[in-house]
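Letters A, B, C and D mark the chains as written, and numbering starts fresh at 1 in each.
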């Protein structure tokens, strides 16, 4: 083809996939060599990072993906998926409306927690003592990013979010086996202890904080933590959308119709 | 450019917009001639259909767009927009998650009502008496499409949806002025009467049924009726998303958190 | 109802809409009084801000909404809408996928331009001379937000984006009539002049910069500028989605299939 | 709580998840018993269907999920994800815009292929010979649903889509081990043979046809086939969105800007 053709082809440029008729390769490996040999989590990691993920490290990613699938119909993402199917859209659309709201508050906490852990680890790497690194970075975070410490505290699961100790236990196992450093499990626990000391109350590590420990141990860049959470939560979104489709209903609102809403003329001008 | 360039350019082909540096034309007219001269509804119609819409006909489209903007937080689209902003996404994202659910049930009723009216009008055009055309086509619709007659009945507004008589009054005015035929207003009212006679109860023409009268009078293809409804409802979606943004809140669920949901092991297998 | 019922109703709280069976009121006014009396832009403004918008001010909003409807299939939002319908989704879904990408870069420039204008106006209000206010705030913006000055510069429309002078002319008319202050048109033009002087080349005010002048003149909070742009661009999105639906096509990709893409193993690791 | 509270809780009803402070159970099993014990595909199946999936059957689901992750930037879903991130939205939003277009044409083929296979299997169960069942049902499908036979034919991979024989080989292995019947692999191959005989050309089973064999062998209802495909393709969508984020770019259009598009006044009226 001419140079015209080249600039068109070059407009879309990727190291992820290569194809010819009858041949598909992902990052240089034929698809038929991956099918049946890679677990789904291994494929996820390979597609997204280009790295092989094996043994205890693959177990950790699998655990993180399993743990975050769902938090019930009170989670906006789940409620949205269920409402959507009653409006007459297909499962892909219901999933999209729901996935779309895994924003900075709902789905971004994992991403932010990885950032926070990385900041603390960087301080430690420069020679700051762990305790000091934790309290300094928490203070700095609050100054720059606001009062919420991502990955800690749960309005419902008190004093413990049952997913966190289980996930951290698996990180401990992997660290004992030498597969990961274990540093981020220590940092996560140190943050939890610091917050508890500050408030005099448990501020439990939540699902975002616990999966962020795993993502940080695996060397995952922060934005990808949100992306991986999206893959996990999509499972619960699909399960609820499908259940609602079987239950039926048309234009399901958030509460039973008889409650309506409160009209307050002074709410906004 | 070479033929390579041509096949690339031709891949995207449109009669809607033409540009050169410093020049933008929509369907052949320079943008600066439209700005300040076309009303927004005239621009909508011109962009979508390529036709000029003037006088009483423009008034009808404007009325339909104004009438359907919102139906409150019990409408899934509105609840979704409000929940979305509390998850930390921007207004465009909140609007997208909400707009996305204006599917066959929530947003498709207007499209289907135009289809139904067109079927009845086609029967009348073939010489069937109006009464007969209405009852026959309703029966056929139920056989082929199910029990819901699109555009009629409202779970809340009984015996009258206040938007419908107002919109039909405007259609009557436009028909009296010779701007539209008025046939679809007659058909809509005949359906309402037929349904009332069948059930012995009012089955009021709702917002979809009433705007569909306008869209049918204007000669709008059925799928566009949904598209125009989407433009209208986007206004309420934006208003509620913005109000929620001012109210604040984080990860707002459908009901106050203390209610949770009912776990029913037998709900689905 | 009991206090249980009240806390449920109060969970959804709004000043936008109030309903009883047979009655719908938007911000205290019956819907039937708005239909046929409010233009669509007046309704948009009233729904979103609670304010009446009349005369020259309404003309300005209408012009801004008309001007930004479309920028052709090279705009990601438009291309996405067209590709989406060839995948077999409905118009509401195609519109949602497209609207969703009006993010910080594509749709956020108007919001950011209003912010920038407001910052400059605030400096002037404190007694800083206009020239100085413009150059100082531009410098500060670049330090804090990066090199892109929102609302100025266009990769295609050089030396002039034809929408900008037309929109500013309407602002001048409204200012001459005393309907708006005209201050933001001055600020916009001063930024354009400053950027031209800096670069020795025209950096034309683009559609976002020009509509931001209007939104700022009307007193619109910055995030709403993005919301209003979303309403406007939705029109072009719908027009293109509908045109593509009529053209047909299945799974339309970005370029003709024979170009494929460039596989570059080193693109990302 | 009072009966008010009950009707609110009952409005959201699920068998998927149960919670109390400190306890989360999915379909009756504590989350901490699933984390570290269920593979991600086992969790997917369990969440969506309520069934345990073990051994060779779990291998098949894993293979189907791995196989369908990506088809490159020419697939609209992938191009959309990449364009979206250049518009300044987050990964969850880019994923949502892309996932949303896995509609009847792009993502529905798997769902439709399961339907077709089920129809053929039902005919066989009634005593129709397999050959006859295949040709009869294909004819009926075309009469009712149009000329496209879902799951077969590929505009690019000819004569063989490399994913199909690999996936069918795994089904054969599972059938040999008694884990699945193998009937749907036979039906899929019979359709492929029939289509080849009809056209005198290979009409290769594609990824949707091959994964549909697996989904049908596992007893998956047709709409879920689309949902599972959505989970798989989300991986490629994420990988490409993330790669594009690393590449940078602003408002990336479908082709290099110099090509623009073809303005054809007669394209649509």
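Here, contacts are C-beta pairs under 8 Å (C-beta built on N, C-alpha and C of every residue); 3 or more make two chains touch, one makes a residue touch a chain.
Small disclaimer: the values here were computed from a predicted structure and weren't measured.
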Rigid-body rotation angle, subunit D and subunit A, from Cα fit (steps of 5°): 180
A-C or A-B, whichever has more C-beta pairs in contact: A-B
Per Cα centroids, the chain farthest from subunit A: B
Inter-centroid spacing, subunit D versus subunit A (mean Cα positions, whole Å): 22
Length of the line joining the C-alpha centres of subunit A and subunit C, rounded to whole Å: 31
Approximate Å spacing (C-alpha centroids) for the pair subunit A, subunit B: 36
Junction residues of subunit A - those touching two or more other chains: 1, 5, 8, 11-17, 19, 72-74, 79, 89-90, 92-93, 96-97, 100-104, 107-108, 156, 243, 247, 254-255, 259-261, 267-268
Of all residues in subunit B, those that touch subunit D in their complex: 1, 5, 8-19, 27-28, 49-50, 89-90, 92-93, 96-97, 100, 254-255, 259-269
Contacting residues of subunit C [partner subunit B, same complex]: 7-8, 11-17, 19, 21-24, 26, 30-32, 34-36, 38-41, 43-44, 47-48, 59, 62-63, 65-67, 69-74, 79, 82, 90-93, 95-97, 99-104, 107-108, 156-163, 165-167, 170, 223-224, 226-228, 230-231, 234-236, 238-243, 245, 247, 255-256, 259
Subunit A residues touching subunit B - in the complex, by the definition given at the top: 1-2, 4-5, 8, 72-77, 79-80, 83-84, 86-89, 93-94, 96-98, 100-108, 155-156, 243, 246-247, 250-255, 257, 260-261, 267-268
